[in-house]
Each structure stands twice: as structure tokens, then as C-alpha cells.
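Shared chain: subunit A. Partners: subunit B in the first complex, subunit C in the second.
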Partner chain A sequence: MNAMPPLGEPASEPVATAQPASDAGPPLASGAAEPSAPLSPTRETLHYALRNPKLLIGLAVVLVLLLTGLFGPLLLDGPDPNAYSGAQAVGPSGEHWFGTTTFGQDVFAQFVYGLRATFLVGVIGGGIAAVIAMLVGFFAGYRGGVLDEVLTMLTNIVLVIPSLAVLLIVNAYLGVRSVPVQGLFIGLTSWPWAARAIRAQTFSLRTRDFVDLARLSGSRTWKIIFREIAPNMSSYLFMTFILLFGGSILIASSLDFIGLGPTDSVSLGLMLQSAQQWSALQLGLWWWFVPPGVGITAVVGALYVANVGLDEVFNPKLRES
Partner chain B sequence: MRRYFARKLLVYVLTFVFAVTVNWLIPRFMPGDPVSAMISRARVSQPEAVEHMRAYYNELFGFDRPVWEQYLHFWSSLLQGDFGISIWVFPQPVSEIILGALPYTLALMIPAILLSWFVGNWLGALAARRKVLDNTVLPAGYLLTAMPYMWIAVLLAWVFGARAGWFPVSGGYSLDIEPSWSWIFFTDALHHWVLPFLSMFLVALGGWAIGMRNMIIYELEADHSSYLAALGAPQRLIRRYAFRNAVLPQITGLALQLGVLVAGALVTEIVFNYPGLGSLILAAIQNRDFFLLQGTFLFIVIGVLIANFVIDLVYVIVDPRTRTGMAGGQS
Partner chain C sequence: MLTLDRVTKTFRTGTFSGSSVTAVDRVSFTVGRGEVVTLLGESGSGKSTLGRMILGLTPVTAGSLTLGGEPVRSGREYYRRVQGIFQDPFSCFNPVFKADRVFALVKEAYYPRVSAADWRGRVERAVRDVRLDPGQVLNKYPHQLSGGQLQRLLIARALLLDGLEFLVADEITSMLDASTRVDVLNLLGDLRERGLGVLYITHDLALGTYLAEQTVVLRGGRITERGATEKVFGNPMHPYTRHLLAAVPRLGVDWVDAEPVGSCVFHDAGAEGELHEAEPDHFVACAQLPGCPGH
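Moving on to the complex of A and B:
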């Protein structure tokens, strides 16, 4: 839930990853790159990316869980994860990998479908929040002046209001809730810290020579922002998206747990909620409440670790050894 | 300094107005009709009774008057401390119910937030640039921050409550005791307080430790640290100066994290059935008691605003630059 610290470093300067290759000569024959020639920026990034254990481990965990969510449901018997499919409250076995609930629902089936909901809410919530944060951050940071004052004020206001509290009210009044709508509202409330971070980065980029040059040559504001500024902080934007993604998943799980989860599907947070509601704890049905928590923690934790790895890949100052 | 506080206060006042407006807007402009929802919850079948209830609720919300008048009326009753009447515990005013639950939430949240902040920063500062500690604190920190609050609460309740039986897993005090200012009640409440406190403390701890570690490393690489080292200052002194610089963003971070921490407290309370605001919210949602829910929302916003202001005060004390009106302390 803690989205701030990994990005909290104040002076992690945006690294130019998108600078065009300087040699204008004819392209070399493929595979004939000379060993002494300097690597192109993309190749260099890839070089460090493939040797960064944090990034690789984090991505591997996320990928395994994503594939489980995508293809797991295909291996199941029925289309309904909440079907009453077997004996009640039995532990993990060959037949029910994660055991069953007190009602005889298969926990593994719920887990697999729940992972889908988790990734979906992360993509939608994180994506919407990232788009809003970029628009607000770019324009406030680049234009400055009154627009900056107004947008910064707006950001600070939304920043102070606890987003879960707003989401509680909104979702309580929504009679029918679905995962995409949940993601939409999470995105609408969780962008402010990212907007602030992007604004600060834009602010530091806007006085650079290449931006001045673009302005002199008559480019329009939006073109300068998306052709000059955004590519030069693309790594930063990507990492912001990852943190927003993880944050959305955690907020969604809290909402589900309070009882405001999607009404039409199953999610990891809803599994925790029903385990709590039907006293899995007192009955000792640990297989009911351990898997959903492990799922959420693994996705979010792996994303955070991958993010630190990415930071090391993009930022030479942070590379150790 | 006056400018600093004036800006801050302006943001807080605007935030409060914004929050109240959102609170007023949502029931009126969300798809679906809250009045019908409340009536259907009452399960009345006689048409005359339904008509009466509809008239009553319309009167209560003031739906029959112009919109701007509804808005002004909402503000005036709010400023008089009138948050409406609860539907869940019928004739009781919402503000009374919330004030009864508030002490439990505060007793849980304030120690958990402050202690996790202090211990987390201390751990992070200790771990920075120290191989063995760093390799244990960092992964543990990431694991803890990635955990949903309610899940760590469930795990602790299961291990130390249901299995080991050391601590109770439900309620704020034993059912055979009445809340009072007695030693017996105090120890009993403390016994119930340990597990919810611990789960909040642990999740928040990880984030602070990671943040502080990163800040210290950044500070140690800064030019002023190298300069100190070149002058022959002992490593301990350099680290102490690095810590004093690194604490400032962590204070700002505390203000930024308040919303997340409050959310964590709410779900933790629900796991332990702790009689604070979280359990109230759950009851309000289950009983579709919108007045109680909206009242709790405003209380949370007010609490977060007060906490933000306290943090601003602390920042002025800690960072001399804000006092002299120089840069620092982003608005």
C-alpha cells in the first residue's frame, strides 16, 4: 500500500534513454556488431536488464501469476468459480489443490479467477491514474504560471483526502459493482502523488537545451511534451505506472474486504472477506485465507522489487558492482 | 513563515469544502435512487406506508427544494454539528455514535503510526550501506509493504490468537466488562489492543525503513558528505548529519501516507471486530445506513486535515528554512 518510498528519491534525474544514435552511417549487417563498438542505448539497457536479479525475479513472479490467472480457468471443470463442487471444508488434496470453503466451493478455482480480477483492477486503475497524473504533471510542470498554480492546488486537495474514504462512499451508492468500474474510480482518486512527481521531473527538463530548441523551431506545447519531454522520462513514467498498478491492487483488496467488492465476480479481496465473514479463522480453515493473501502480496511485492531493479537498470548511479 | 501557513491553511479549507461537496453530490447524482434503496431495505409492502416513507426521506434530504438551497442547508446543519440520524441504531444521532467509536480508533492508530515511523526510520538508517543488515531489512521491508493490512491482521490473529491463544482475536474488550476508568478495564483493553496494533505497525514499518534507507544512501553520496569525510570527520558524525537531512522528506512522506494508514486502520479494525470507525463503516454498509457512512467520511477527512496541520507545525520546528521564509517545505 506504500507507494511512495521507492520513488521518493528527490534527485533521481531523468536519464536520457531515448536519445537518437549519433552515427548516421549505413546500418551494419545484422549480427556483425564489432565487440569494441559502444552499445546502443536500447542494447545497453537490455544488457543491464538481463543481468539484474531483482528485475528478473520480480518479473518472473508477476508473469507466473499472470499466466495462472489467464490460463488457470481453462483447466477448471466448470465456468463458475463459486460452484458448490465438493465436500465442505476439506483441506488441500489432489482433488482440490487449495481445499474447499465451508460451503464446498473450490478455493483454487476462486483463486485463479481472483487473480484475473486483481490484474484487471491493477491495469485499469493504474492506467487511468497514470494518464491523469501525466496530463496534470506535464502541463503543470511545462506551462507553469497560473495553470501550474491551479493544477498544483487541485493535486494537493485530492492528495489530502483519503482515497479509500471517497471510494467507500462512491461504491456504497453504486448498487451493482464490477471490476472495471472499481478500477475506474480507483484511478480517479489515486493519481495525485504521481502527478506531483511527474510535475517535478517535467519542471527540471523544461529548461534543457533540446526543449528550448524545439520551442524555437515553433513546435506546439503538446508536441514538445509528447515528443521531447515524455520520451526523456519514459523510464520514470513506466516505474510510476508500476507503483500505481500495485497501489490500485491494494486499495481494491481493501474495498473488497470491507464488503464493497464487485458484485458480479470473484476477487482475491472478496475471498478474504468471505473467509473472515464465515469465521475461517476460528474454524482453522487456513487454506481459505492464506492463498488470496499470498496472491496479493506476491503480485504487489514482485512489482515493487521489479521496480527497484528497473531503477537500477535505468539509473547508472544506483548500479552496484 | 506566515505565507507558508497561509498557503497550507488555504489548501486545507479548500479540501474541506471539496470533501463536503463530494459528500453532498454523491447521493444526489449517482445512478440509482438512495431513497428507494432505503425503502426497499425496510421491506414494507403497503403502498401507503411506502408513500409515507418516501415523503419522509425526501423531506429529510430536502429533495423537494431547489438544488442550491439543499446545498446551503447541508452546510448549515453540518456547521451546527448535525450529521443526521443513524438508521442502524435508529434514534441516535450519527455524531454521537462516531464520537463513541473514535477513542478506540485513535488509541490504535496514533501509537501504531508514530512507533512504526520512528522504528522504521531508525531501522532504515541503520541498514543503509551495511551489507548484512541491508540484505535482511530490504527484502523484509518490501514483503511487509506489499502485504494487505487485513491479511497480516488475519495471519497474526490466526497464529497468536486462534492457534497459540495468547491474545483475544475479537472485540475491544471482554464482553463481561463494561467500559470504565478502572485498572481491570485498562489491562483488558490493552490485551485486546496488542494484535491490531502489531499488524498496523508491521505493515507501515516496511515502507518507512525502505524510504529512510534510500534517503540515507542518497545523502551519503551527496557532495556535502564527501566534503565532511575529506575534512576527516568520523563516519558516525557524517551519518548523523545525513540522518537529519533524510528525516525531512520522511516527515512529508508521513503526511502523504496518512490516507493509506487510515485505510489500513479501518480494515484492521474489521478483522479484529474492534469497536472503532472501521467496524462502524462495516455496519453502516451492511445496514445501508448512508448517514452514518457519510458522517464517518467527514470525520475521517477532518482528522486527516488536523493531522496534516500538526505535521506542518512539526516541519516548521524541524526545518529552519521554513521559518526564515526561504525555500523548503513544498506547499
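Moving on to the complex of A and C:
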């Protein structure tokens, strides 16, 4: 039976209008009871969001890491996370919380700055890719016909472009190597699979009768896409963003590895790669690679947990069980 | 009054739209105010396509479709006058929103100035008109309501539009159980009393005869027989209509395969799709009748 209290009903009202979840017969007649005033959709979503542990835990972890990345650098001594800190390859201690690298760099300083770069590349890359994927996917899937064929062709072309080769060329010409540019490039090349997934999902949703009913209510294409179809796949869309976000972080770290990463900063991927490069595992310097590894896993994992929670918030069928 | 004049729909299929399928072929009939017309046909006969064309959801390939003399153009103004109800009530409601959202969309599009309290009153009245208890069905999610309740909510939605002239009811009873069916059909009868024209699309012969003044039998996109319901069912002339009537199961009678439909069926009517007037208000496509243009 449903543990949630019926929404939007004053506590004093009789429970006659409660949901007949497992009652065999028809729901009890509510008689003369006034139908309760409905809660606005936004407030109702908030109501469930604030009571969903998965969503709250996931968001809390992301928030803690984000705040660490944002404000952590302010607490550090120097502005350069790669500076020599005075001790080489020492384990975690009161002075060096996460220890130091073979070159005497403070791992905590690198971690804090790395989180910043990682979030930035994830948000820019994942965000741009998600926006392009949604626009292409929604319109190709909803409109169909020639527009669909053109957009699908474009998607497939971008899908098969060897992004590494393009990056090499772009790099050679532009010579710009900052984290935002890296994010921009990743965003512009990593959207095709997501666009295809969203297109397929939209394609199946647009044949549902509620889309026709919205048209019979005078809704236009934009409105139908963003108010009928998108809410139906909100969890799917957020999942897409999370995967693109995580993917951007991983692509960025592999770009870092081949020397095409930002030259002016440090990222979690860069830390992992240099730990691997300088045999941290073989030398037993676990504090060098564990923090960045845990950091990436925690960000992506927490977003995933938050998404499961979001699904429960947005999907009314999952609220009752 | 809704008038169809040689309405045709051809779908292009295949690579580079190389081949085509004619779903509706030169269909002509009219539905007057306060009249219920049953459109009867088997699966794939083009009856739903015809309904969607009347609703402006599918463009017409050829022929003309007019409502009160004006050509059909999908858009907000048209849908104030013409509405549709579809077969599957569960698919008509967006599962992530509450069921009353279908009413909210109507308010947003057509009655933005009506105050919330006033609108609430109108919705409750419409819900009572379809014999539902507002306290039980409002503010619920679609999965918490039964198919019959949802189907009635859709009728209530149509009732909210006071300028409504025509309703397309596409297989609206096929997902309902027998006891609820009659109730929903009676609701359609009430709509007729309000002066609405109703096109009732069905494949069920028994339900088809219940309400309609006129019956149109469709096969392979073409009309095989149409006219006053009692004439079409009382004196079926086209072999296909007879075939349909013979297929209704009867108690105590062995159900043998009916005879195949006569060979004339697909050369049916003349080249322009006109029908032969067998008797007043009863039109039949060529079925080796004397005077048929094909013979």
C-alpha cells in the first residue's frame, strides 16, 4: 500500500479520496467531500524531490566535490598546484593530506585544482553535446521525413569523423589549449550517439495518442516536444547528460595523455595519466592515483544515483510501491 | 456539416518514396448536424486514416474536405469546432502528468481569460455530464484510473469546447468492456442531442447499428455501400456487406467460412468512384447490379 500521504489534501480531510491502490472494488465514493485543490506541478515535484534519499545523497556528493573544486584552491598556499612542495613521494600526512608525487607536488593541491578542471570540461563538453543531441534528436525524431534524413546523415557523418585526427589539426592551427576549448571540442564531437538515442526515443513517443491530442488542443511543434515528449523522457535525458559528462571527463584525460590537453592546468585525468606514466602503482604510491580515480568515480557515480532518484520523482508510477 | 468529396490519401513508401499505397480512395459522403454516421470497415480499410484526415492530423492527397463550406485546415481555430477521441484511452494521457492536464491544455489554448475557479466549475460540470464523480477522477494520474473513466474524461474534454460542431470517435469503445460500452455510446447519443455531428468509426457491426442514422462501409479504402443504417443492414446489396453480416456469430449456428466476396469487388464503382443508387438513400458500389456503369 502507498506510504506517501495523499497530496494536496488537508490533514483533517477524510481519506475517502485516497488512491485505491489495491482495493478490489471501486473506490469508496467520496460523497459530498469537496475535491481537494491540486498542488501546482512544480511544488509537487519539489515535494517528492526533497523526500527522495537517492536524489539527495547523489546531489550532496556532487555538491561537496563541486564546492571543494570551487573553494578549495582559495585555502591553498600557492597558486600553482604543480609547484615543488618540499617533499618527494611521501604518504598522506598532516602536512600533505594526500601525500606528494615523485616530483614533490602536493597531491591534494592537484586534486582540488583537478576537480575544478574536471567539472569544467564535463559541464562544457557534456552540456554542449547534450544541447546539440537534444535539438537534433528531437527534431529529427518528431518531424521525420526529409528533415530526419538530413539530420541523421549529419549525425552519422560526425559519428565517423576521427575526432583525434581533427583535434590534431585544430590544435596545430589554433594552438589554443585551455580547459574550456578542450571542453568545446569534446562537446562538438561527442553528441552523435546521444542524438541517435534521443531520436529513437522521440520517434516512438510521437506516435502515442497524447501527442495527437496535444495537437488537437492547438499546441505547436515546439510546445509538444518540450511539454509532452521531453517530460516523458526527462530521466533518459538526464542520464544522457550524465554519460556525456562522464564521457567528456574520460575523453579529456585521454587527450591529456597524448599531450593534447591543457598545458596551463591540471585535471584529474592528467593526474591519473601521470601517475600511470611514472609507475605510481609499481612504486606503491597509491595516494597518487587513488584520489583522482575516486574523484572521477564519485562524480559520475553520484550523478547516476541522483538520476535514479530523479526518475522516481518524475515518474508517478515509481512513486508508489 | 462535414462534406467529403472524393477524398484520397496516398502514402509514399520505400526507398526514395519509390512506391505508394492508396489508403483512402475517392471517398465521398456528408455528415449533417446532429447526425451520427458509422464508418464501418475491417483493419486496414482506411477508416482511421479517414478520421485523421478529417482531424487535419494527416494531409489529404486529393479531393476536398469541407466543414460548413470551409476547407479543413488544422490549427487552433479548427479544433475549436472539430475534435477527436481515439481508440486507446491509456495512450491519450501523458503518463507523467495528471489526467486533468487534458483540460488544462484546452483552457490554455481556448479559454486563457477564464478564471481558475470558473474553469474548475466548468470542468466539474463536464465531468458530471459524462457521469463521473469529479472527486474520484480529478487530480489523479492516468494509471490510477480505469479505461472507461479515461475514455469518458476525453469526452468531457470535448464537451468543454462550447463551439464544437463535429466529433470523430475512432474505435472509442474497442478497449472497453461490454457494460461500459453502452454507456459511452449513450454519451455519444447525448452529443447528437446537442446538435453535434459524429463520425463513429468502428469494426463492430453490432455497435455500428446502435446509434447511427447513416452507415458507410469501407473496404480497401473504397466505399462499398452506404446509406441509411436500416437499409444497409436490412437489405445489404454489396457482397462484401453481406459477407460482413454473415460473419456475425449466432447461437446454435455453425460458423463456417463465408463464401468469398464476388469477383466484382475491385472493379467496384466506375472510374470516378461514384456509387450506384440502388434505392433512395442507399448507395452501392458495383456488384453486378443492373445499371452499374461497370457493366
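Following the convention adopted for this analysis, the second predicted complex is superposed on the first by the 211 of 321 C-alpha atoms of A that agree within 3 Å, B and C clash if a C-alpha of one lies under 4 Å from a C-alpha of the other, contacts with A are read in each partner's own complex, and residues count from 1 in each chain.
Going forward, a contact is a pair of C-beta atoms (placed from the backbone, for glycine too) under 8 Å apart; a residue touches a chain by one contact, two chains touch by 3 or more.
These numbers come from a predicted model, not from an experiment.
Undergrad: With the two structures laid over each other on chain A, which partner does A:G284 touch: subunit B (first), subunit C (second), both, or neither?
TA: A:G284 sits against subunit B, while subunit C stays out of touch.
Undergrad: After superposition on the shared chain, which partner residues are touched by A:S163: those of subunit B (first), subunit C (second), both, or neither?
TA: first
Undergrad: Mind telling me which of the two, subunit B or subunit C, contacts the most residues of subunit A?
TA: After superposing on chain A, more of subunit A is contacted by B.
Undergrad: Is A:G259 touching anything from subunit B or subunit C once the two structures are fitted on A? First, second, both or neither.
TA: In the superposition, A:G259 touches subunit B alone.
Undergrad: Which partner chains sit in contact with A:G72 here, subunit B, subunit C, both or neither? Use first/second/both/neither.
TA: Touch status of A:G72: no partner.
Undergrad: Touch test for A:P92: subunit B only (first), subunit C only (second), both, or neither?
TA: Neither subunit B nor subunit C is touched by A:P92.
Undergrad: Tell me the contact category for A:N232 with respect to subunit B and subunit C: first, second, both or neither.
TA: second
Undergrad: Quick check for you: in the superposed arrangement, does A:Q276 touch first (subunit B), second (subunit C), both or neither?
TA: In the superposed model, A:Q276 contacts subunit B only, not subunit C.
Undergrad: Under the contact definition given at the top, report the residues of subunit A touching subunit B in one complex and subunit C in the other.
TA: Of subunit A, residues 8, 317 contact subunit B in one complex and subunit C in the other.
Undergrad: Provide the residue numbers of subunit A that touch subunit B in the complex, in ascending order.
TA: Interface residues on the subunit A side: 1-6, 8-11, 152-153, 156-166, 168-170, 172-175, 193, 246, 250-251, 253-254, 257-260, 269, 272, 275-276, 281-282, 284, 286, 289-290, 292-293, 296-298, 300-301, 303-305, 308, 317.
Undergrad: Taking the complex as given, what residues does subunit B use to touch subunit A?
TA: 11-12, 14-15, 18-19, 22-23, 26-27, 30-32, 34, 37, 142-143, 145-152, 154-155, 157-158, 161-162, 169, 203-204, 206-208, 210-211, 214-215, 218, 221, 249, 253, 256-260, 262-264, 266-267, 270-271, 281-282, 284-286, 288, 290, 293-294, 297, 300-301, 304-305, 308, 331
Undergrad: Enumerate the contact residues on subunit A facing subunit C in the complex.
TA: My answer: residues 8, 17, 19-20, 27, 29-31, 33-36, 38, 41, 208-210, 212-219, 228, 231-232, 234, 314-317.
Undergrad: Going by the contact rule set out above, which residues of subunit C touch subunit A in the complex?
TA: 52, 55, 57, 74-76, 79, 83-84, 86-88, 91-98, 100, 102, 105-106, 108-110, 124, 133-136, 138-141, 143-144, 154
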